[in-house]
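Note that chain A is present in both complexes that follow, paired respectively with chain B and with chain C.
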Partner chain A sequence: MFEINNLTLIYDMDKEEKVYAINNVSLTLPDTGLIGIIGPSGSGKSSLMYCLSTLKKPTDGEIIYNGKRYSSLSKKEMESLRREQFGFVFQRHFLIGYMSVLDNVIVSSKLPKDMAKQKGRELLSSMRIKTTEMNKRPRHLSGGQRQRCAIARALINEPAVIFADEPTASLDHENAFHVMNQLKNYSKDHLVLVITHDPSILQEADRIIELWDGIIRSDERRG
Partner chain B sequence: MQKLRAWFYLKNNKKRAAILVVSFGLYFALLYGVRFFINPMHYTDEAVYLGNSELMQLAYVNQASMLPMDLTLWEENSAATTEDKVNELNRAINEFAQKLEEDERIDHVFSCYIYGITINTLAGSANYRIPMVTKEQARLICDYFGVRLIEGSYPSKPGDIVMDERMAKNRGFSVGDSLYDEHTRLCGIVSCDNYFAVGMEYDEVFVKRNLVFLDRGTIKDLAQFFQEYGWEASEKNYSPIQILLDLETNKRNVDKSRAEMEQPLSVMVYTITFVMGVTLYFVYQLHIKDRYEEWCLYRSLGYSQREVFLLALKEYGICLLGSGLLALIFLLIIFYFGINMMESKGIVYRLWIPETVLQLSALVVLLTGILQIPVYQAMQHIKTIDAIEDDI
Partner chain C sequence: MNPFSARYFIKNNFSRVFMIVLMISMLALIYVGGLYLTNICEEALAIANETQDFVSVRTTIDDTDGEQLGALAEEISSDQSLEVFGVVQNYYRYKTMLGFRNGWMAYVFSREDFIRFNERMKLIPTDTELPDNAVILSEKEAKYLRMDNGELIQEISEDLDVYYGRLPLQVITYPGKSFSAYFVTDEFFTPQYYLFTWKAGGRKDDFSRRIEQLRARYNKLEFKTYDDIIKELKDNFEINNVIYYSIIAIMSIVFAITTNAVFVGLYDRRKQEFALYKGIGIDTKRIYRKMAAEILYMNGMGLILGVGISLLAVTLLNEYIYHKDGMSMWYYHPTAFFAVVLCDLAILIPGIGLRIRNISRDIKDVSFL
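Presenting the complex of A and B:
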């Protein structure tokens, strides 16, 4: 699915002391599976996710997704890719404060509104959000509930790839386990990339890639 | 993808939307309101100086030597008294007036003396000239203007003055009030389209060097009229015949006074427009800041820049529409108080000021353009959610 060749991302290009967020990384990622990308803060995990999801343009190297070279994609094609193929769970939940939880989940849904609402409710239920809470504003939910709503939002269009940046950061152990279970189930037919600095949540991962200073330190395939 | 709904944000963020709507609404209402209160200066000027000049013109005979009179009365060895001289001068002006009246373009010419009365607006004033004529002439002038008596009577005693209700309101006069001294009093109030006043002379031996012309708009330019007879006339006070009221001269004077007033007023209005416009810009920028994170999210989820920009534009459009309606409500309140105040002062005003509406429309277009700058800048800065993540 993903073919990454000599990927490099440099911050502060115009400064003398350049910061290599990603340094000459080459990787191949399959169509399905739960893949964990781990590493300490500043190791380049999130930068790699942003490059793979077209949110950031790499300084050098090439990313090929299903035969499409990112370097040859127009802005519109990248938007379309994000809309059609990718789902996002960001470090912060980024729920829209004035919308209900349900409206937040369906905000990017491709389905007609009624169907989108129905699907949104199902997803929220699977994320252990009670029906009574679905019409509440995000500020009335706990941090963990908000993060689970953000995950439901990422799943609404059944994207081919889920990019999850620290999806369990604000969850307690039980909920973290539940969310990872959901992502694991989803990864049977799709690709789920989980970025974390907590290896304990990646017990079910099919592959764990460890990044260190923008370089792949280890690439462990399981099962 | 679900359509981005501008109304959704505004509906759910009433306070924030209200700040925008109220700011814009106040801005437009205030700009129109300022003009509403300032413009009566022009309208009153026009009503005083041009309102009657189609029907009535006034002149002052400066040069006595041009009159058909017995100049021996002024010789050193003459035994003539001052009264004799005044009578002779008045007789000569009267004869001069009768000669002018023979002109087929003119209906009547009377000699008279004139009183001035000041009409005050909210910021400025204009001077109306009241011809003091005989009882019959006063009545004739009233009939000529088609005025309708609504209180008191037409001038019947020396010193009686009749004036229109707006002028009386402006000066706070009631029937029976003394106007200048113990000899003059308001005998009646009439209704007339323009400011109007005429009085009955109270002193036969008062020098009456003024001429009142009554015609149906045939004499627009007294200078030209007198020139045809070989006499020099102009608005200058040293001219043999000084023109006090005619359409052409007064048009020039009104335009000149308007231009003189317009300059400081324009500076004031433009300053208000600019200062409030800048404030509005910052208010709008705060709104953009508030929307920034959401727009970033939309872009990350795959909405195009165009879709997000259109969302911002629609939100702006709805706010603008709302502020237009609110401005109308503000203006109705301003009109309510303004009309009461101006009606009670007999000031000429207009609710509908097309030139200001046109200026405001141009301002809305300009403002819409300027306020898209912060939106455009935000759009350029927003790549995706990573722009926010970087800020964290």
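Presenting the complex of A and C:
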């Protein structure tokens, strides 16, 4: 699915001392599976996710997604790719405060309204959000509940790839385990990339890539 | 309701949105101000409109001994296509919304001439028994003068100068839409003005051509057609428009700055929301359209509220202040409407333009998500 060749991302390009967020990384990622990208803070995990999801333009190298070279895509095509193919779970939930929890989940849905609502409810239920909480504003939910809503939002369009940046950071152990189970199930037919500094949540991962100072330190395939 | 829609945002942020709506509704001040300032000109135009089919002629300083006026009188009195009235003038006043009293001339007719004049104008019922000395007032003017139909005027006042005519004068009112007055007297007078129009069955075009011929021939006389009066009035009131539009220009700047400050508060706090939309792949143009639709929605609501405030203000002003003096503030005037449009554009263009610029800057790099 993804072919990454000699990917480099440099911050502060115009300064004398350049910061290599990603340094000459080459990878191939499959169509399905749960892949963990781990590493300490500043190792380049999030930068890699931003490059793969078209949110950041690499300084050098090439990313090919299903045969499409990112370097040849227009802004509109990149937006379309994110909308049609990718789902995002960011480090913070970024739920929109004035929308109900359910509306937050369906805001980017491509389905007709009623179907979107139905699907949103199902996803929220699967994330252990009670029906009575679905019409509440995000501020009335706990941090963990909000993060689970953000995961439901990422799944609403059944994207081919889920980019999850520290998806369990604000969850307790039980909820973190539940969310990872959901993502594991989803990864049977789709690709799920989980970025984390906590290897304990990646027990079910099919592959773990460890980054260190923007370089792949290890690439462990399981099962 | 689609959560991405502008309506959804408005509905779920009403307390924040209300501030903008309230500010935009203040355009009602511009509108009512426009109605107020243009009223003085409109009242004068309404008086001129009442006798718009007539042309008046008077002598000037160049017409030594009134030679041309005499010759004109002779010529037009034998012209079968013209209806001619020899008149003099009294003066009356009416109150303007700006507070001062405006003086205007009132034609004084002989009894017989007024009966002919009334047949043409249909001011009062033609079977009205006309006294020898009377003042025929529009209901507006009668209201200002605090006079009723049938009342007798025993003495002159600052508001009604009876230079020609005998007291007492009987008041006869008619339902006119302007502050107008006509006098009827049995006193003999030498006409100083000739008022004429085309006879029933004649054509206005022929009449206009005839006037131009007369104007060319009697070049020492002052001819005043309806168009001449309108032009004169508009020239006189031009300064009002200059003052009004200068105020509008200043108000536009004030509105643009204040509403923009509120827009900044409303939209800059949504930086993450717009970045999220971009992050999850919503078309940037759709994000701009959503923002513009929200502003247009708020603007529409503000204008609707503004219309409501304007209607209420005009109704209350008329009811409690103006009607008792015969005045009436109109509900619509193109100048006031145009000024509101200008002011509203001064809100909308920078309001939407600056938001697009800021959002575009804020979501250029969404890797902070």
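In the analysis below, the second predicted complex is superposed on the first by the 223 of 223 C-alpha atoms of A that agree within 3 Å, B and C clash if a C-alpha of one lies under 4 Å from a C-alpha of the other, contacts with A are read in each partner's own complex, and residues count from 1 in each chain.
Following the convention adopted for this analysis, a residue touches a chain if its C-beta (ideal position, glycine included) is under 8 Å from a C-beta of that chain, and two chains touch if they have at least 3 such contacts.
All values reported here derive from a predicted model rather than from experimental measurement.
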### Message
Following the superposition defined at the top, how do chain B and chain C come out on chain A, clash or fit?
### Response
clash
#### Entry: chain B versus chain C as contact partner of A:Lys110, first or second or both or neither
first
### Message
Under the stated touch criterion, which partner chain does A:Tyr186 make contact with: chain B (first), chain C (second), both, or neither?
### Response
neither
### Query
Once the shared chain is lined up, is A:Met99 touching chain B (first), chain C (second), both, or neither of them?
both
### Message
Contacts for A:Tyr70 in the overlay, against chain B (first) and chain C (second): which applies, first, second, both or neither?
### Response
neither
### Task
Please work out whether A:Arg83 is in contact with chain B alone, chain C alone, both, or neither, and reply first, second, both or neither.
both
### Task
Run through 80-88, 116-124, 242-250 or 296-304 for chain B and report the one that clashes with chain C in the overlay.
296-304
#### Entry: Shared chain A contacts, counted only where both chain B and chain C touch the same residue
46, 50, 55-56, 75-76, 79-84, 86, 88, 90-92, 94, 96, 98-99, 106-108, 113
### Message
Please output the residues of chain B touching chain A within their complex, sorted ascending.
### Response
1-2, 8-9, 12-13, 293-294, 296-305, 383-386, 388-389, 392
### Task
Could you pull out which chain C residues touch chain A in their complex?
2-4, 8-9, 12-13, 272-273, 276-284, 365-367, 369
#### Entry: Complex contact set, residues of chain A against chain B
46, 50, 55-56, 75-76, 79-84, 86, 88, 90-92, 94, 96, 98-99, 106-110, 113, 116
### Summary
In their shared complex, chain C is touched by residues of chain A numbered 46-47, 50, 55-56, 75-76, 79-84, 86-88, 90-92, 94, 96, 98-100, 103-104, 106-108, 113, 153
